[in-house]
Amino acid sequence: MTWQGWLLICILLSSFLPGVIIFSLPEDKYRFRTSLNICGAVIKIIFILIMNVGIYYGHSFELRLPLIQGMELILNADPLSALFTTLSSVLWLLTTIYAVGYLEDSPNRSHFFGYFSLCVTVTIGIALAGNLLTFLLFYEMLTMTTYPLIIHRGTPQALRAGRNYLIYTMSGGAVFLFAIVWLQSITGPLDFSAAGFSPRLLDTHRTALIFIFILLIAGVGVKGALVPLHGWLPQAMVAPAPVSALLHAVAVVKAGAFGIIRIILYVYGIDNISSLHLYSFLIAISSVTIIWGSIRALQQNDLKRLLAFSTVSQISYITLGMSMADQPLAIIGGLVHLVHQGLMKITLFFCAGNLAETLGIHKISEMKGVARRMPLTMTAFTIGALGMIGIPPTVGFVSKWYLGLGALALGNWWVLLILAVSSLLNAGYFLPIIITAWFGKQEAHWPEERRFNRFETRLMLLLPPLFTAFVVIAAGIIANAEISPLAWVKFIIREYGL
Amino acid sequence: MLTNNLYNLCGLLLFGMGLFALFACSHLLRKILAVNIMSSGVFLVLIATAYRPLGAGEIDPVPHAMVLTGIVVSVSVTALALILACRVQETSNHSLSQSERNTNDGDSEE
Amino acid sequence: MIIKSRRKNKRRPFDPILLLVLLLTIGLTALLIKANYTIPVTSFGLAAEVARFQPRSGVESPVTAVLLNFRGYDTLLEVMILLIAVIGVWSLTKAPFPQKAVKTSPVQLAVVRLLAPLMCLVAAYLVWQGSHLAGGAFQGGAILGGAGVLLLVAELPWLRTIHSRPLRIGLLIGPLFFLGVALLGIINGRELLTYPGKWSGSLLLLIESTCAVSIGLTLASLFAGGRPADDLIGQTKTPACNREQKRC
Amino acid sequence: MTDNILAAFDLVLITTLLLLAWKLLSCEDIFTAVVLFISFGLLMALAWVRMRAPDVALAEAALGAGLTGPLLLAALRRMERIRKYERRLDLDEERNDYKKPKKKQAPPL
Amino acid sequence: MTIFNSSAWIVAPIIIPLIGGLLCFLWRRDTFFIALFISLANLLSVTTLLRQFLLFGPLRYRMGGWEAPLGIALRLHGPALLMLLMTAVSGIGITLYARGYFSFRISALKHNNRHEQQERFFWPLWLMLWTALNALFLSGDIFNLYVTLELVSVSAAALAALSGKPASQIAAFRYLLVSLLGSLSYLLGVVFVYKTYGILDLEMLRQIATPGPGLQMALTLMTLGLLLKTALFPLHFWLPPAHANALAPVSAILSGLVVKGSFFILFTLWFEIFASSITANALDLIGLLGAGAVIWGSLQAIRQQRLKLLVTYSTVAQLGYLFIAFPLTATENISQEVWTAVTFMVMAHSFAKTAMFMAAGTIFLQVGHDRIRDLAGIRKSLPITSFAYAIAGVNLIGLPPSGGFIGKWLLLTAALTSGQWHWSLVIIAGSLLASVYVFRVVSRLFLTPDEAIIQECRPHSPLQEWPALFLAIIALLLGLIAPYFSLILETTEIVANLAPGGGL
Amino acid sequence: MINGDLTQSIYLLLLFLIAGTPLVLAGACCTTKGKMVSRFLPLAAVPALLASYFVPAEMVVEVPWFFMSGRMGLDGLGRLFLPVSAFIWLLAGLSGRKYLESDPHRARFSFFFLTAMAGNFGLILARDILGYYLFFALMSFAAFGLVIHKGTKEAHKAARIYLLFVMIGEIALFLALALIADKTNTLMMAKITDPALSPVTLFLLFTGFGIKIGVLPLHGWMAESYQATPVPAATALAGAMVNAGLLGWLRFIPLSEIVSPNGALLFMILGALAALYGIIVGLTEKRAGAILAYSSISQMGLMTVVFGLGLTGFEAGRQALLILMIYTTHHSLAKTSLFLGYGVMKSQPRDPSKWQLAGLYLPALALAGLPFTSGAVAKSAFKEFAISNGEPWLGLSGFFLPLTAIGTTVLVLHFIEVVQRNEGPTTGIKPVDRNSWWLSLLAVALTIWLWPAASIQASHTLEPIKIWQAIWPVITGGLLYLVWPMVATRKKNEKNDYFPEISSLTGNTTEFDWTGKLNRVAKWFQQNGKTRKIDWGKRDSAAKIDLRLRQTEKIMQRWTIVGLSYLLLGIALYFLLI
């Protein structure tokens, strides 16, 4: 095995081992657990950076484990996986710090952090998967590892949410499995590759391939919260804030979106999809999701539910970008939104968590004037929200810009209208919150106020959102620089051969 | 060949009878008896297959050995089944016929 | 008739399912018979084979040769089934000896005293003749078992005090010996259950004898319907710990 | 001639066997059934002899009829005795053990 | 090293547990150590066999030195070897667990020697059962298979009755009767085979067997009997009470190993020995029943209120998958995949179900009941057990990388490649239903209840918890070591001849 | 060369400081010492002023990493817009210093003020379309903070409306920019030429920037916001930020390079309507700030007309550019002055003095185009331009311009009256720095004359005929204004619903509940979605299924049923195995 292979293993182990150790730790080993967690995260980031550099300079990172004939587990780091791994690992570090602060004196922390680490391991696995089988492997494991986190609180709502999550994701997984097997029975074993499967198959298996595609999208669309399949996401909001952050920004929803990207770009290949005339289907799905998610978000009073519906809407931008994959600009928009949405949404969830943890605020109607009490938190929130709307110079604008350009380059001018309406709706639900928070007058006492010494809340709760908010702006401002996500996405596109 | 066939027929009829009785009767002992009848039927078929009239050739000893084995097995299983039936009787308050019913209830306490 | 009897037992006078079962049984039996008569008689079994190898088996009776030599493996396993039945029965319950000694009638006692040794003799004879005529370990064992049953029916008081260990040794002596001889083949560098050519006859007789003893004991134990009274003595008891204390 | 006699014997034997089986499976009283079964076993041994299988016949006589019959009778006696006396009480202790925690059931979550 | 090349090793998996069983019955003291030693020795012998197999290929052993039509042959081929391996590994786990289980019961429960007695008889019966299973897997003679089947039945029934509870007695009695019926059906089938061919050896039968009325009836009867013993859907009635009411280690044995024995015979007969006589319609019928088992068993499992019953019904459902594989073999070029798939399903289910029953048993012992509703937060006091249960559950659902997943994947592939996609729907539906019943429990176990409810009841010994986890993890990782298994399966001659011939 | 490099670096530094200073100061507002920042508000505009003087034209700095393609620099337009804007921000900052002293939220105010300032300066400097968009958004959203600053109910309402319009504008601009970028394949402004602008793009640009300018259908936010915003901020809003919209047009629809007859028509018609509409509605208004807003609408309408004229031809475009520069400079300074004056009057406890009134009249009449004021220069230039363009635009000079001049006169007189009627300071009013006002007056009076670029137009106005042409509309307007009170008194009783339909058009409804409306839509969807859901959780149905399963399983466990299935299976197998 080459050092590249070992590096991939190390990347996976750097969160897996801490996770396993944490499970066995007693509850009161606070310091050890925290430092283990954070060390793991930092080491993982270092490994991933090494990997990124390697990828940039053209090394190939691959690890193959043949199972039986026609089944092979492949870990393969291409630029796209590098993008996702980097995002996940960095956000994991932040979320871990945040979670340490958030759960400072709640029960069952070993349990929580153990699953947390496993969850990230699995997400990285999804990112590194080199074929559909491996993808499925980690995809299903993701369900397993996130489920305990969703029901962590153990309340009836949490249980219900967990149950629904399982129903959705297990069904999705089953459909996905079915589709994969069907696909492979036609195409034979497939690695992820830019070309997709052989176009010759289109002549003989046209209908089957269309069906398979729809099934595949439905399978990953459950986690990716495409509209008829998004029902679990708002309910899963009963979980603690770090979990929501994980679900929305780091792991689950992202995994779904990532799966869609993989399927479109690396399994089918853009040419095949184009000759199957599937793009219109994708555009329709993603447009409906974008609009519907926003409309549903508008009517929420619960902050986290609102954010959840906002995720439904926003994550579909990625699908939208993929649905115009004929056009590199649109792909760029979609891919870069993978990162951007993560940054913005995690900021928002951190802030929502801060409000809940410090002041007991869960509802938007309770947020009047809260910015005066927690200015830093609300600053981060505002930046995140503006990013969601797509105000420059935040990263949200960058994504939208590329999506718009891609749509225009394809002549899909009406996609631009979708973007416009979506922005308007986003503004419709985010701006009132911001106004209320900053300029509203506090009417009653906060539901459950807790005071902390120097800062408006715990430092560990404050730093992560501030950092991500900063990145939301900074990554937008330096979008064209060599180190920005956008640049990496362009690198991906180059490597992909467009 | 007539004899073979006759005994074959008898064996198969015994098997059928036992089969029906096993399904139809509710008394535990009767079920055990039914199974014994069945096995007798099977043995009969086997032995009848091996049978050759005097002078018509060597008798195949292998089926005989098989039946011997079968008889021993059936006796030991019968013994175990009988003791089990007694235990069923001992441990449950129900009458003989009801106890068999009771088995149906997979959800009963423990 | 069967239906009639059910009709009396059950409140429901007529069970259509049962009728269906009857019809189906008849159908299956008919199929069986049909199949039985359509089998072309082509083979004559293994009689010729047995006859060919009989001289090398060490016994004269073909059935015994098959039973103990050619297909000795089946027999080995079969002996084990008997043993398992005993273990199973023992595991289920204690032997239901009457609480207090029953006064056995003198006539019965006399009969038993006469018959039991006689049956032992018959058994020994059967085992011995098994090598060339009908008979063998099972038959002999069965007679021995019958003797045991006789004793048990007589409810002799000393039967209750039979200890577990000698009984177990008795039960196991046959199987263990059989197994040992079987392993002898491997030790000799041959296959399992291969008897050394010269002594195979006498070895088979020995196996039959020990097995007959064990089978007799087995059958008697099965009839006794449970393990001996002293079966659990000798186990060191760990102090009973109250469950409730443990839990809280 | 001998063939005919033998055939008649076969027919009678088979009919008897079948009738016995039918009877023992359908008769009201289980004790009768057991007794019939013993005779069935003996007739079976006769059949084995007729089939030129003396080993089997011996085994059937000794085991099938000679031992299974007493076994059945013993079991029958044991069952009837059980029905007369109360069953042993100590058998239930384990169940009681398990039942205790039921008192403090977890409140429905 | 020549000693390890001796062909006599093939009898070791039969002889070693047999001796162990006899000794355990005789000795009565330190039986656990005897059993442990036996299981290790058994593992050693199986490993040696594995080595021999990889070096020399399939083995054939003449019992008593007699050639085939007269004597009995043992044969070691890929599937049999895998079954032996499975039994050896599961057996070690069960042995260890049983020790923990009994010692806890002996020390923690009120008793009148009852639990000592149970343990005392458990060991010989278990080792005998082990012998029987190994003999069954190795047997190369159709009548010898009957004997081993009986051996399995009797010891299994005795084990099932071991717990002494009324329900278990009833269930065991029913189990015994069913086993007898099954064995007799099988035996009658053997009689028909012997009538037709005058041969009992499997290999020879394979060579001369041609479709005909005798074989047709024989196959029907043998299949019927074996289906009954394997508890395929409409004939599964005996399994839930027997498995659910037994002692936990016994349940593990019954569900994990015993049903696999009869299934193994059935599969061998259908696809190896009499493959030429199998028709597509019959395969479809079996597949249909398998599908029914999957759906019905899962629905029943979902419905259950008690943990052990749930696990038991899941066995009914999981056995269905094995039969769904039948119709998939009808296409020539994929039958090898199906063979692999079935082997994987069998092994994965064996490990997982064993682990699951162990976990259920531990939970039952610690909590004092197994009402699923009231199991909230057991994870707190029994973390390892809960994990074991969850991991085993993952296997049952068939999530990657478990062995169950590999099996399902191969079955799905076979179904879709051969164009029989309706079976794949059943498989998918089955895993969804499985996830429902698995998570019904897991979500309870992993709940965080109020502090007040959590009672500190640490298990008595690590033996109660770890074997389950050990087996569950083996099942989970089975997928990752799949290449080795497929290697074993592929080096078998049998596989080459697996595809049913002209009968289709 | 070292010397050259040094100056180059100094210029660079200055360029960065233009937007950087306000941003840094804005950052300082967020610290604990944020309240002190308000004292340095004027300072923030100083680098911009300096730069507009020192930094040579066509100095372009490329920062490729910055927001996708960073190009900054001063060009001709920039060198005009920057000093005017900087000056106005300076004045606003000056006036704000005092105004804020007693304001508890002065840190917040300073933050938004400075951010808006940075945005304003930045967009002037931006040389690529996204840069412009970025700073435009920065300014617009920061201004929101200024509009809502007072925190009153009116302020909240105004801010909400403002935000809605900003969002619409942003989206329109986003679409327009995307279309442009798609056509030109670059982000550089310089590449925008005729083929890059489709009618749709033109319309979107018109909408996007028109909102800031207040062109007709998109003016709804203006009156409320001008009224609600604190005076210093309103000054900047009306004086500087409005121009950003105009600059946007100029940047993205480069006159003299683009000819679009249809676009011209759109601009001219809507501009002309706005010019008249602003006057008429302004006359019905009772609030000084709002009146100024309507005046702005009217004046910007005129500029829209000029812009439209400029779209008719290349040469016209070149001329229009110059006129727009003159006009916008004039208008910005005059409006600034009016706002500051209004602020001063409003905040002082006593009635305005004569000097003060005179000071108010100067910019007011300049707006109306009184001779010798900047307004006269601007208007005469406009007139000449219209004439030079020939038919069909001659009517503009003869009829339309005088009409608006009359109207403007009336409107500003109305404004002055409203200011005079001021009942003294209410509690919320803070003193506005008087010096800044005087400074602004000075600028109004002098700028146009000192400005070299406008010298030709300025000299033209000194001709007698021009003076007359300029003065008669003012006189007419003054006369009309004398008649006004009668009209006003007659309508007094109905003061609440002058032009009710118009007030609803302006978004003046008391509750424009736009989130509520969307909510209703969403709820409809939700309800309709819910009824169609299958209710899996129904207890009784679940129990029923459970019971069925249980019963069936029990039946299946009967021996007879087992026998049935066993036998059936056997028979079926037998036949199937043939």
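To keep things simple, chains are lettered A, B, C, D, E and F as they appear, and every chain counts its residues starting from 1.
In this section, a residue touches a chain if its C-beta (ideal position, glycine included) is under 8 Å from a C-beta of that chain, and two chains touch if they have at least 3 such contacts.
Small disclaimer: the values here were computed from a predicted structure and weren't measured.
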{"item": "Third chains touching both subunit F and subunit E", "value": "A, B, C"}
{"item": "Touch-network distance, subunit A to subunit F, counted in steps", "value": "1"}
{"item": "Chain separated most widely from subunit D, comparing mean CA positions", "value": "F"}
{"item": "Pair of chains joined by more contacts [C-beta pairs], B-D or A-E", "value": "B-D"}
{"item": "Intercentroid distance (Cα basis), subunit C paired with subunit A, Å", "value": "69"}
{"item": "Subunit B and subunit F, separation of their C-alpha mean positions in angstrom", "value": "99"}
{"item": "Approximate Å spacing (C-alpha centroids) for the pair subunit C, subunit E", "value": "28"}
{"item": "Chain centre separation in whole Å, for subunit F relative to subunit D (CA means)", "value": "103"}
{"item": "Shared interface positions of subunit E, touching two or more other chains", "value": "109-111, 143, 147, 150, 154, 157-158, 161, 164-166, 169, 181, 188, 194-195, 198, 216-217, 368, 376, 447, 449"}
{"item": "Subunit F residues counted as touching two or more neighbouring chains", "value": "550, 553, 557-558, 560-564, 566-567, 570, 574"}
{"item": "Shared interface positions of subunit D, touching two or more other chains", "value": "22, 25-26, 55, 59, 63, 67, 71, 74-75, 78, 91, 95, 97-98, 100-101, 109"}
{"item": "Touching residues on subunit B, where the partner in the complex is subunit C", "value": "1, 5, 8-9, 12-13, 15-16, 19-21, 23-26, 45, 49-50, 57-66, 68-69, 71-73, 75-77, 79-80, 82-84, 86-87, 90, 97"}
{"item": "Sites on subunit F touched by subunit B in the complex", "value": "550, 553-554, 557-560, 562-564, 566-567"}
{"item": "Subunit B - residues contacting subunit D, complex", "value": "2-3, 6-7, 9-10, 13-14, 17-18, 21, 25, 27, 29-30, 32-34, 36-37, 40, 43-44, 47-48, 50-52, 54, 59, 64, 67-68, 71-72, 74-75, 78-79, 82-83, 85-86, 89-91, 93, 95-96, 109-110"}
{"item": "Interfacial residue positions of subunit C with respect to subunit B in the complex", "value": "2, 6, 9, 18, 21-22, 25-26, 28-29, 32-33, 36-37, 41, 44-48, 50-51, 62-63, 65-67, 70-71, 74-75, 78, 81-82, 84-85, 88-89, 92-93, 138, 215, 218-219, 222-223, 225-226"}
{"item": "Interface residues, subunit E side, partner subunit B - complex", "value": "143, 147, 150, 153-154, 157-158, 161, 164-167, 169-174, 176-177, 180-181, 184, 187-188, 191, 194-195, 198, 200, 240-241, 244-245, 304-306, 309"}
